[in-house]
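Both complexes shown next keep chain A, but they swap its partner, so chain B is in the first and chain C is in the second.
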Partner chain A sequence: MWSGTISFSLVAIPVQLVKAVKPGRISFRTLHSKDYSPLARRMFCPKQEKIVPPDEIVRGYEIGPDRYIPITDEELESVSPERSRTIEIVEFIDMKEVDPIYYDHPYYLVPLKGGEKAYRLLAEVLRRTNRAGLARFVLAEREYLVAVKSTEGALTLITLHYSEEVLTADGIAPKEGKVAAKEIKRMEKSIKSMMAGFDPGKYADERREKVMNLLKHKMKEQALVEAPAVEEEEGEGPPDLVAALEKIMHDVKKSR
Partner chain B sequence: MSGTIWKGYIHFKDTAVPVKLHAAVKEERIQFHLLHRRDHVRLHQQMICAYEKIPVPPEAQAKGFEVEEGKYIIVDPEELEQTTPESSRMIAVHEFVKTKQIDPIFLDRVYYLEPDTDLHTEGYNELVGALQELAVEGICTWTMRKRSYIGALQASGRILRLNTLRYADEVISVKSLELQEIPVSERELKIGCDLINQLTAPFQPQKFENEHQKRLQKLIDKKARGEKVVLLRPRLLQPTASDKLLQALEASLKKAA
Partner chain C sequence: MSRKVVEVAGKRLSLSNLEKDLYPSYGFTKAHVLEYYSRIAEFIMPHLKDRALTLKRYPDGVEKEFFFEKRCPSHHPAWVKTAEVRRDEGEQMTVCLANDPETLLWVANLASLELHVPLARTSSPETPDAMVFDLDPGEKANILDCARVALILRELLSRLHLSSYPKTSGQKGLHVFVPLNCQEATFEDTKKFSKAVAVIMQKNYPDLVTAKMAKELRTEKVFINWSQNDASKTMICVYSLRAREKPFVSFPLEWRQLEQLAGQGDPERLQVIYSEAVSRAEKMGDLFREVLLKKQKLPHL
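Here is the complex of A and B:
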């Protein structure tokens, strides 16, 4: 993933961007039904009928049917050269002022060699002041407006939507009408009886549970299929498959 | 206002409020296709067999769950279909929490909720009022497009919104980053805090335009006219050395004052 520097005023910290979110749903592999070999998504040239390796691929902007303007990585980086390797914090904001409608995707930043102390400082200072740094940076063809905040000693980078991407809520609100004060009081009473602290771990994905049960059931009555080895692999002892599945289920449960 | 995505009703205790979901965010960006560098033929994604190295059409594909490396349980699409959550129109509110309590890392996408006037609008304004008054949001679950969602029901101004949340096991823990504890002096922290206070401004997102998008469009136009593009090198910053951190902070503070 991306690596570069995050800076505020005259301090620059070498960092790497890492994932903060992973898909929690059980993932299946798509296999070739003939030989059970896994399939991989590859870019394919319809003219030559062959797989094209990444170093032979270039981005193209369509200007007409089958007419493209190729744009190289170097040209893309050249569009905003000051932002492609640097996350420059231009100002700090109070996170409470940010409407959640702006939040897009979270990542973590981790310090690279030599940046550990300044990283620690920024994370601690953001925690103490309850502020977030606002910055812009460019990744591939997109520029992101981001908020950098502190989470349990780590720096979290949240990409934000641009305000021009936020749709207006015009026409959503009902016409101003009578509001039944008695009805509000009644709802408030219900709400008060249902107050709790936020505990995200409580809400398991129901489907994941069902898929796990389905898999467990199938493990007992159906043999596994094996993909042909693509490269030489060392053999393993006879596997205890139900135990393997139970371990997976255990891990899934534990990570909730 | 965008079109209706889904219809349902908010439910808790003896309250039921019918609503329609609308998108709250729309992203527009320049689209690229992937081309073969040598002749600019547009490439397509294909599922390629790792063993035979050939494209495999959908009718010759199967779904497998990998139990251990290279070993799979084959699952029929019909069987998987049975595990999709039952469709329902209910947005079930399970509990209420104080607003601003949810860490932003959990917050996913926001939808606007419109009262479903085809039925009746009673309850909508009252629910907005109650949520505002108590400064709370409702944690709810519902099923939409064959997926179960968890979300936070919020009041914003005069409308209700649904903010979808990420499931707990989708969020990677800070612990797994294995960050080192590094001592930082109180003096450095004090100057750091002063500096941040100096550089703090109200959040005004409209101040930030997507300049890059406009510049990128210019670059494309330039190339379309056959003009030469000057390549600029990315700016690289020299990292601040640990023993120069205090000095850099002091200089920053001076600059900001």
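Here is the complex of A and C:
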């Protein structure tokens, strides 16, 4: 995982980046229904009707039906940004101005040795001012726009979408029709009656829980299946090896 | 939650939940686990070095749920060495290498009681350093039956000019290792060879041995699991703790011990508990040293 420094003006804080969310999706292996062998994905060429080995696979950018620009890993690498060792904050923005639509992926920043004091200071000031540091930063061959903000005393880093990735809301909101003041009042009232503080703990992924309970139940019932051992070839093995082993085995048995 | 920050070789390590009892029916806490691994470190380290480590974690102790972790946890400290390996599906995966005692303790602190490693190093994933016979007793068989099978195997192998080294699995079985260390034989070779041996053994000792996986076929027999000779499989590392009621260890044995015990009635006598593991290792040295050093070739028959 990435480690380096957050910096701006004369401040430099050594930190390490760790994931802040763990997707709760339950994943399953695909098995062959006949004998429960786990299945593997292979790249298939529909034209030749055969499986294509990895060394025959290249990338192509599709420019039209059946027209591609082939591109090699080396070419892609030549335009990849250099790995950065610093998160250089260039501006401090008001987090309220950033619509959540821009939020991509959250991480925690963990202070490394010697950085604890400056880390606490930055987290505290960002919390008080509700500001976030905006920076550009390279992670896994991609350059991201990121916001460094404070969450419960810790510094978090959120990768943001670039503006060109965000689709505009143009044409989504209906233009026609006026809204009556009376209707606005009425809806405001009904919303007010349903207001609450945000407590994410109140909600859980119910399907996930149900699936996990189902799996636990099946486990207790021993409703398990075992994949057969992979048998490369039927039979005992190469005939000369088997013959030699037979002979030695005979001697072993005699001597025991 | 108790937390204790220690410094090992200049690296900071935050240890947590030290008082948590991970072996409740025996009474063996996280602190004991950490102490065991720090005392056994000099013996286990060479066997973990440069191998993709699979963690088997028991966050709530051996009686509760566990999970395997093949990928190196993303929150690992910056000083933990990692390697990229390719899985069956061609997908890349970052794995931990327990190449220093600090990493061993970090891993132990994650309640990874069991340390599993492949038979090959990450730098040469296709060529195993050893061939293994994993002797797994059926429900009505025990470790003494495994010892009988192991002694026959040893004799068979020695007539092929191959030295072999046994260890307890720390559970019910025994593992017989045949060092290779020549970077020559592939997993395909070792699998073919070990399978042929297993089939011959089954043929000649049908009441004692089976070479088939199916459990119902082997309640009174010892299954010679040759299919462990595979790039995608891992074995419990020698000197690793096992997650059973008692903190038993996968521990190397001398053939002499097996000869003495194979005929006698108490299977428990072959099991090695953590404290005995430390004192025996300190007294005898690493009995599994040759598994890493001895160069042997599979005979081209």
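Quick note on the criterion: the second predicted complex is superposed on the first by the 154 of 256 C-alpha atoms of A that agree within 3 Å, B and C clash if a C-alpha of one lies under 4 Å from a C-alpha of the other, contacts with A are read in each partner's own complex, and residues count from 1 in each chain.
Please note the rule applied: contacts are C-beta pairs under 8 Å (C-beta built on N, C-alpha and C of every residue); 3 or more make two chains touch, one makes a residue touch a chain.
These figures come from a predicted structure and were not determined experimentally.
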{"item": "Touching partner for A:Leu157 - first (chain B), second (chain C), both, neither", "value": "neither"}
{"item": "Partner chain in contact with A:Gln16 - chain B first, chain C second, else both or neither", "value": "second"}
{"item": "Which of chain B and chain C A:Ile87 touches, first, second, both or neither", "value": "neither"}
{"item": "First (chain B), second (chain C), both or neither touched by A:Leu145", "value": "first"}
{"item": "Which superposed partner A:Ser3 touches (first chain B, second chain C, both, neither)", "value": "second"}
{"item": "Contacts of A:Arg41 with chain B and chain C, given as first, second, both or neither", "value": "both"}
{"item": "Contacts of A:Pro228 with chain B and chain C, given as first, second, both or neither", "value": "both"}
{"item": "Dominant contact partner of chain A by residue count, chain C or chain B", "value": "B"}
{"item": "Chain B versus chain C as contact partner of A:Ser33, first or second or both or neither", "value": "first"}
{"item": "Chain B and chain C footprints on chain A, overlapping residues", "value": "18-19, 40-41, 110, 226, 228-230, 236, 241, 244-245, 248, 252, 255-256"}
{"item": "Chain A - residues contacting chain C, complex", "value": "1, 3, 16, 18-19, 40-41, 54, 110, 112-113, 226, 228-230, 232, 236-238, 240-242, 244-246, 248-249, 251-253, 255-256"}
{"item": "For the chain C and chain A complex, residues of the former touching the latter", "value": "12, 74-78, 88-90, 152, 155-156, 159-160, 188, 191-193, 195-197, 199-201, 204, 213, 215, 227, 230, 299, 301"}
